[in-house]
Amino acid sequence: MNFYPEFEVVRNDSRCIRCRVCERQCANEVHWYDADGKVMLSDESKCVNCQRCVTLCPTRALKIVKSDCRLRENANYSDQTIKEIYRQAETGGVLLSSMGNPNPLPVYWDKILINASQVTNPPIDPLREPMETRVFLGKKPEHITRNADGTLNTQLAPQLTLSMPVMFSAMSYGSISYNAHASLARAASALGICYNTGEGGLHEDFYKYGKNTIVQVASGRFGVHKDYLEAGAAIEIKMGQGAKPGIGGHLPGTKAVGDVAKTRMIPEGSDAISPAPHHDIYSIEDLRQLVYSLKEATEYRLPVIVKVAAVHNIAAIASGIARSGADIIAIDGFRGGTGAAPTRIRDNDGIPIEPALAAVDKRLRDEGIRNNVSIVCGGSVRSASDVVKAIALGADACYIATAACLAMGCHLCRSCHTGKCNWGIATQRPDLVKRLNPDIGSQRLINLMDAWRHEIKELMGGMGINSIEALRGNRLMLRGVGLTEKELEILGIAHAGE
Amino acid sequence: MKRIYVKEEWCLGCRLCEYNCAFANSGMTDMVKALRGKEIHPRIQVETDADGITYAVSCRHCTDPICVKSCIAGAISKKDGVIEIDHSKCVGCLTCVLVCPYGCVVEDEGGAAQKCELCMKNTCGAPACVKGCPNGAIVYEERGEAE
Amino acid sequence: MIPLEGQVRIPSGCAVSAMISRDGRRMNGEQIIQSMVPMHDRSNGLGGGFAAYGIYPEYKDFYALHIFFNDKSCQNECMTLLKEYFEIVQDEHIKVRKIPQITDEPIIRRVFVSPMQSVLRHLQIDEKELVVRTVNRINAQLDGSYVFSCGKNMGAFKAVGFPEDVGRYYRLEEYEAYCWTAHGRYPTNTPGWWGGAHPFCMLDYSIVHNGEISSYDANRRFIEMYGYKCTLQTDTEVITYIADYLLRRQGLTLEETAAVIAAPFWSTIDAKPEAEKQMYTYLRNVFPSLLVTGPFSIILGFEGGLMALNDRLKLRSMVIGEQDDMVYIASEEAAIRVMAPDIRNIWSPAGGEPVIVRVKEGAF
Amino acid sequence: MKQYVIIGNGAAAAGCIEGIRAVDTAGSITVISAEQHPVYCRPLISYYLQHKTDLQRMRYRSETFYADNHVSVAFGRTAIEISADTKEITLDSGEIIAYDALCVCTGSSPFVPPMQGLETVEKQFAFMTVDDALAIEQAVTPESNVLIIGAGLIGLKCAEGLHGRAGSITVCDLAPRVLSSILDDKCAAMMQKHLEANGIRFLLGTSAKEFRGSKAVMQSGETVDFDVLVLAVGVRANTALVKNAGGDVNRGILTDDACKTSLPDVYAAGDCTEYHDISSDSVKVMALMPNAYMQGHTAGVNMAGGAAVFDNAIPMNSIGFFGLHCHTAGTQPDGCEMYEEADETHIKRLFVKNDRLTGFMLIGHMHRTGIYTALIRNQTPLSSVDFARLRIEPQLAAMGADYREHVLKGAV
């Protein structure tokens, strides 16, 4: 069935200088130059609204707008719902999507407000006073011990030291490009934080960033070997992902090219399918075995992170993980991104990160084991204020990936699964990959994190807090607006005005 | 001295540099007015090699510039390392085009010679090609001098 | 309806003062009362109090519980509970002087107790832990009973009113202590409650505090994992528990405790010699949730000494005076000049720099 | 302190001054200038007539050039003798100037073949100097009929310069085509056509046999009426000074790669010299501006004790008429292969022999031709570059990645 395209290319011919940059930059081949009529023409049916042409058009002669040619209005059967049914009726296939859940579900961050000091205690000016954002992730001892001479025994379980409580979340080499990985690795290294390999192994060029690398072990075990495990600063066992809880991953063979296949240790061109469960983990005690297997393999030098999707009984799951020997729990909310996921799962599975985080933090405190593990939360942390709210709810640090992709140029067109990312991020096509210059990509990531760090400091200063640890779990600094009693109770915060 | 260098691994061949150059040296404040409906005469050229690798070429500001030695009008000179053309003196003989081994002196709209002068004579402040390159493939930096 | 203390977080401004004899000389309460007079405007009449060390030499082996009861039935309920775990050595009224400035008084009792050995064996805990648990239980669960002091050979005296009036009320000129601390309160979120006045005590630790800490909920939620209940929702309370947790439960030294509560900045730590750097880094890494931020000046009293500590940025005033064997600490120099008019050696400690004063060994 | 003397005041002399000063800032420099004008390049005189430049802008160097370089110029003086033994020169004024190093930049003079009745022509001019141009400008009126003898570079540039100033312009040449020294038949035909389209009349394969006042009788028998005659048949190198001093001279003063003559400490540069053309591997007079400067500069550096060589000279010309440009360089040797591309508006002829580009002729499309010139000058083996691409369009892309890296990633 033929539809009118979802987007329209609006070209202001009186501004177009026929430089043809749009034509050269569109991997979807939307634009072309007609030499006879000396005009630029376009095929809008191919347009994904990635805005590459709009961004590069030097005379702002282009815009992409949403087509207003819609099916008859129906609050129940939306245009999209109907078209999805058509598509499935035509193909018989599962619908695929990319990036995070775009639906208008509640964003609790936006219903939480942050405190500031007035009169009874002073705000602190981060431009004049030290303002600290360093955090350590890892297990803390229950009791201190002393050496024979009475000094403190400062030996600790392995810790991850971060200059600020934000890390780049897992995105595999394969799902994203070499240059995207290079940008993340270089930025993490310059910033003193970590990035995460995802389940794609670690390209040999990036071993040098090991101190700032979290190496992931997921259900497909792609790219996992001893050197890989030992290369990083921490090992993450991925049990689940917020965008697609309960299912594994799938890298199409078309993306498993060259170094991608080599790094994953799979034949070139073969689909890399990660199973839904780890086939050696069918229960919590199995997880404990894997945690300790990895610790054994790396001589207990590295903290182990267990990453789970935020699902209904997340608090109990986290409690189990905290007792499994894991040093850090990463919780991924349902708005988290992905390079490809079945649409129905992305849009309907899992729960938001905010209540999940609040519930986990509370549960671990109720059980008196909050100090046994650190909590990292992800799944749509979009700004410095989201970070501050997450820390105040109880997180030790946040994972960001969509925001990192945006910093590298992503325009959230949600077409990663096509492999034709015009911004050089979610693609393996060499001509597209080179569009992301890691000099620029890493600098933009650094800029973003610098900006967030400044904002975090400003927000902390406003609260009269000058070190991030005094913010962690400090829920008195938060108030809810427009939330029900139940929501406030789960978030553990008071309503504005209370 | 600072020169323009290309990093071909990052050149996308989009040719924005050519258009930015043409606009920067048009003396106009609006790109559409400056370039619409016109053939551009940029001072920087994007080349494509047999493997599809692209990169932009502009005046190298040679240590021993043959264009300066060849100009019959004495219109080309080197000042603080920058090779520039005095357009009031240029008679359009194009000897410089004939001698530049890198093909970096080109004819302008009016038949006179023009070349990259690092945007020092226009209102850009910094080379427009560098500023406008979307991928950092053209840089303006110090890399030491030739022997 | 205005919420009562314990139902809501209560920030407050304040005045603090302290005096201690390093020789262990015992002094009556006259001077410490007087020291609060020039700082009158730092309080608002909603709370004042004192802690005195070395006042019960004849009962020094017993825990001296100072308790407020709303009424007789509360008292009975509480005493019944106490008797399950402790021998009651002495149970008496705390003598007070009726003055018009102090009204609405509860029943105020002093009970010297000794833990029953059989109970300790049964619960497999030491006697201090038993005292702590019992006091926490009374304060959290027994409505109308409130233990506001529970150390040995020391005691707190506090009430709703201005501190100088509170001192008169409790007849402090009749007590002799080698160390006195005092507090005048300026709360902004309470009608005033006797139990909410300072000092706040746990065992022989007493805290007087001036400030409003911004880390409160981070501190509270952490410390509550370890059996403490922050019933009053005051800074003083949580700081006292932190001190108890770090000093008694974790066995940190006073200096180490100060390095947790008012940790040096990373820039300072990173510039230190390796061994110190490791120690400070370790403490910040292991006890991050016990870092106290926001303005505070606190005086922690304990058996045989005290420690004064400012927040890391020194957002609250605090001055120290030294003369002969005496050390004076106060929010304002004027207070010290009342206690020691001729004093010369007066200085302000840096933010986060603990000032620890110990009475000579054997002198208390 | 060394004493440098330069005979002549053209581009070669300017190059010599700048060459000396690049090495020696102290020595004294004396320039003997026959003309009363500060240094300018001769080809500019046609642009002067076209109003594309003026006397002020024509100056090859700034007004302070001589002062800045501490050069004393004897304007209006000519050298009449070089004494190589005593290292002195004698001026027409009788003054004797000693030198430690001498550079002869005497240039060339118009060559006028014997023509009957030439003395009857009232208004006859050469077209070599500013003074010639000024005189022609005075003589020509909008009604003037101009006859130019010689369809070479000078004659045609003069024709272009006078276009619009004169009533008619006729150019004749004994050669059967225009620009016969640099263009082949096909290229010349295109140029000629373009010139004719702009109103220039040609009489080719014939020349004036006899002049009768304002009438020229051609060898073909045709007569041409004219008011102004310009003689642009050819030039001869001014070699007499060196020859008389005992130096080796052929059609020009013979110089080596260091621009040295056979006389001790005597150098020569510019149109007066004869030197090695690497494109044809022969020694010849190449009266070309870029080479003149480079010779002068080389001579200057060597005179001052430096070490410079000019060992990659080739003939080359950039010339255009009425907007149609023409670039030529190198030679078209016997037995060469020719790559040709041509249409209505342009011609490209590339000459290849022994894996080298030896020369080219381009008309109409001048984009980046320097890349071809460099191939000739550097004698680049064509097997080392992608000549299939290069011949279509001059580009660094076809020169190999190493060369490109060398050129674009560092200073050259």
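As written, the chains take the letters A, B, C and D, and residue 1 is the first residue of each chain.
The working rule: contacts are C-beta pairs under 8 Å (C-beta built on N, C-alpha and C of every residue); 3 or more make two chains touch, one makes a residue touch a chain.
Quantities reported herein were computed from a predicted structural model and do not represent experimental measurements.
Q: Taking touch as defined above, what minimum step count separates subunit A and subunit D?
A: 2
Q: Once the contact rule is applied, which chains count as partners of both subunit A and subunit B?
A: Where subunit A and subunit B might share a partner, there is none at all.
Q: On a CA-centroid basis, which chain has its centre farthest from subunit A's?
A: D
Q: Which chain is most central here if centres come from C-alpha coordinates alone?
A: The most central chain, going by mean C-alpha position, is A.
Q: For subunit C versus subunit D, what separation do you get between their C-alpha means, in angstrom?
A: A distance of 103 Å separates the two centres.
Q: Counting only Cα atoms for the centres, state how far subunit B is from subunit C in Å.
A: 77
Q: Rounded to a whole Å, what is the gap between the Cα centroids of subunit B and subunit D?
A: 28
Q: Calculate how many whole Å lie between the centre of subunit A and the centre of subunit C, each centre taken as the average of the chain's C-alpha atoms.
A: 47
Q: Which two-chain combinations qualify as touching?
A: A-B, A-C, B-D
Q: Taking the touch rule as given, give the residues of subunit C at its contact with subunit A in the complex, in rising order.
A: Checking each residue of subunit C against subunit A gives 9, 11-13, 188, 211-219, 221-222, 224-226, 250-252, 256, 263, 265-267, 275, 278-279, 281-289, 291-295, 312-313, 315.
Q: Within the complex, which stretch of subunit A touches subunit B?
A: Touching subunit B: residues 14-17, 19-21, 24-25, 55-56, 58-59, 61, 431, 434-437, 439-440 of subunit A.
Q: Per the contact definition, I'd like the list of subunit B residues that touch subunit D in the complex.
A: 3, 5-6, 8, 45, 47-50, 55, 57, 60-63, 66, 69-70, 72-74, 88-89, 91-107, 111, 143-146
Q: Residue numbers of subunit A touching subunit C in their complex, please.
A: On the subunit A side, the touching residues are 117, 120-122, 124, 129-130, 132, 134-136, 140-141, 143-144, 146, 151-152, 154, 156, 159, 365, 368, 370-371, 463-467, 469-477.
Q: Considering the complex alone, what residue numbers of subunit B touch subunit A?
A: So the residues of subunit B in touch with subunit A come to 7, 9-10, 12-16, 18-20, 23, 31-32, 35-37, 52, 132, 134-137.
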